[in-house]
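Attaching a single structure in structure tokens format; questions to follow.
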């Protein structure tokens, strides 16, 4: 079977997914839609696909699945429409910046029994996957403490920041998901502190650029996250898991692995400076996993529920900063009547 | 000038200091005192020193300085007595487990205008000193976020834990001091979470064995600390400082730097498994710095005030765990009328 | 312009080049030829190309360039035929196992003024290219001593070894080329020692499995090469260049960069275990460079002459082992009347 | 038992041994002799020893062992005199620069049944010892190929070079000894190439400053050595052993293990820049091993024979450079009638 794709949004991340889809022997990129005709055409031409409207893709019989790469405020609506239309949906994170809107959207997906995968690409990074596998094999015993350092090479434009929902919903959300992915137990409380150290303009826009977080589970497991919007040495993405029998860590990635030695010392080049080159392989594996779900009609992971919980953690973090206390995730999310949202894990 | 030493306490840490004193060409170990006559004799014999009582050392005219390595509950009294007797005092941390008792003791030291250094040995580790120096040279710009991972190879005996004042006063206290040493600004608030993951008996003794902490300064700088009483791979002691222009990290230390490669991968030996071998050089440099202070009659660093503040941070951490909120250090320490306690830094 | 390709040989390395060609936006794979119809069909189908005979590709007007991945003993003939037919030729190394045959072939290429690139893929490895660039920038001053360690995960089948021309022509030939690539001066003498340590059957087949080599240039620069047909820890490919102002090294590559710590130590996974995954990016860049040459009609590097000299170095190495002495390359190659063979560098 | 030492020679290396002797609880430094009275006095005073003449030490009843740190051309005579006087002898390498003189000297030692250890300090480096131990435990299977990189931070004064016997006898001799130490089999042939790349004055003095060597054993094991008199990045001392089941390597050592990251990359400090700081621990272990031999009256290792063979390898290397061929060690050393010279290993 070949999964036939429609791509919604031909921007930066849309191009990444277009490449991943076309490079996958089990998929075909059939159509591209974008409000900017030129962008849609360029991308469609490059891969031998057609340009279509979103509506046309929605009703097309030759499309099995869509990849949603449109602006965030369109995600929830598009997910609902395509889920109802019986298409499998891959949507870039976040589903929405509002927890209640996400819940409503997931209800529609559930009723439609649609396949929905949310784009937490880091779960598919080969190095982080190797950590997950080593934990599953029991190589470090019981997981106890996770340390995540996640720093961007530089802050995004202020305009982006203003629409981003803030550092926790935009940036830390990936780290929340990785913490959940690796802890093997739901996060119970969130403590956070945040400040503006990189650029006062970010503060003026109502956001933070530097944050530290502590997460705990009901059984007492810990995770800490350190975020900064600026790292002169590149895209700093490290995860370390300490367990009862040992520890495991994923090193940072650099495009070139050389070392120059001279009187000043031994120098290796900076890290990747862009998330797309850092996570190239992750994006390829992510789409591959989605294709496997579509083919096998099995539930997708990370699921809509994973997207919901990560967003709730971001809300809890913001509340913790504002109130100077540890915030229960249940304060944000309410008691989850149906724990099946976690089934994917 | 040769600084003539009396050593109070011939136990494990006493032996470390005896070696450091005798190996220093500017010092001489004159006398050793210990409640256990046998221990005192053995150590004195090894280095050609005499066995004396504490009182004899106190009144001796051939003793310039003492190193206090007796049990914690004797520290404050001994500091006061020797300060009043005009001896320079090096005291192992902590001065006392009670903040008010420490304050009272420091008042006596201050009135006696005595030299007092507190044994935060890590400040003298060559690698951490190199970090401090690089920061001072501006190599990473403004300090923004410090990440400390500090894990013991294994938990001490329960009996020790019961008398230790708890994980924050016994173990994290070193990390608080390192955070202060490197932040360049006083810590304002402490948030902590702690749990029992290593050994339920530690919990039964009223303590924790796993802790995460977030510290912040008035200007918004962050420090995070991760502690565990057990690390199968050795004595895990890492510090990383993220700044506006770069970052700097001290790697873990191992006794042997080899790597074996085979079908299972590339393996380096575990870390040092004991704080004394890990910090051998730090202990030597620490006593050397103390000797320099005695010779030059200049204020010692880390000072009694450094000991006081670190203890207050520990108390704040415990309060944070109990109350689930960020605790101001001033809640513990009160407004420090005389900021001169910080002068040493 | 799009360069239209014919692929001769649909085996293992043929597949690698087919992928590289089709992934390149400036190229198109038009036709595949292989003595095994099934192999040709499978590969052609995967990439939307046609199956044709070699003769059909030779006379096709819709083919600009060919990639020769057929057995070694057909290389020289095919190069000559396609050069005469005006096609640009990329040929896997070696051109032939016989120096005189290679010379004759290059004469034909020269007369036809054809573009010929020889497949020394390692020149296009990003890490080795970074070394080359750093040298060119003067970062380590004058190159003085090169150390190459090059070990295969395991020996190839005996049948392959028997037809390979021996370890120097089959395996070391890549290292000779890298030494030349980085030395910046032609190699003058070769000293080699070789033995059978891995598998007596390799010795019985008249070959060696372990070799050490020393190369020197007229000005006294050194290169050493260490080869083994077996490395339990993966595909060991290291290059280090020592210069007057510093040194530069390329680290080994592994598919996953994690490290597990436990009581036995710190373990990273083994290296890549296959040259194709190790050099994936190099193969892509190699074809890209070839396409650029075809487009710009500029001389290709590595050239036929590079292939010739590397082969001569292999012959010199074998002679050195047999005679227990340093062998001049000119003993093998004769005085090169026309040094233009080196122009490509 | 306490071993009572006389030290002959109070220069740079004499001071190293004086410190090692006095720091050892099983030894005492009794007397120091030096042609320069001032040097002898200064060193004796520092450690509470006496100044004596060589003759007085020779006949002293309170001296069990001597450490010979005098100029090379006095070594053989002093060894003979002290061996005949019944003292245990530790002598810095080399015994002499002439193979026949060394043989004669060892004959005297043998007849006197004296204890003689030769100062190949690297055998006592903790990292190289760990390699030796891992090999002995079978962790890498059969040793097959050893790679030694050994480069000095800078060339010694020309005056030193003129008296040194040349790079092979002065510098490579340590690497020859390490190769023998780790190969587990005697070296059979030596091939070397050498040139002047660092400083023409070294060439004018009749020596080389850059050398590459290949060694082989009768069973076909290999060792390669790369030497340079200049490494801008510090004292480069690496050993790697490739075996049938894996490989093991000792990393370079640096005084400080930090890493600074910024826009230019990740930089670690240079290596140790001096052999004495690099091999501090080795010198301490070396004297400790000698003391154990003196106490137990067991044969010392590295023995006089080890010194002889390493010198012969140096002579073979020089001959190989001059004649452009592989040189048999037996050409230099003759057939060793009594293989007992190797017993120590």
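Labels A, B, C and D are assigned to the chains in the order they are written; within every chain, residues are numbered from 1.
Here, a contact is a pair of C-beta atoms (placed from the backbone, for glycine too) under 8 Å apart; a residue touches a chain by one contact, two chains touch by 3 or more.
These numbers were taken from a predicted model, which means no experiment stands behind them.
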Completion exercise
When B-D and A-B are ranked by contacting C-beta pairs, first comes A-B
Practice task
Using mean Cα positions as chain centres, tell me which chain lies farthest from chain D.
Solution key: A
Practice task
For chain A and chain D, let me know how many angstrom lie between their CA-based centres, rounded off.
Solution key: 58
Practice task
Mind checking the centre-to-centre distance between chain A and chain B? Centres are C-alpha means, answer in whole Å.
Solution key: 42
Exercise for the section: Return the residues of chain A touching two or more other chains; collapse runs of consecutive numbers into ranges. Expected result: 232-233, 245-247, 261-263, 269
Fill in the blank from the handout: Interface with chain B, chain D side, in the complex: residues 23, 25, 46, 126-127, 130-131, 134, 139-140, 245-251, 253, 255-263, 269
Handout entry: Parts of chain A lying in touch with chain D, wherever the complex brings them together
Key = 232-233, 261-270
Practice task
Give every residue of chain C touching chain D within the complex, in rising order.
Solution key: 142, 144-145, 147, 149, 151, 189, 191, 193, 195-198, 210-214, 216, 219-222, 224, 226, 228, 230-233, 236, 242, 244-247, 324-326
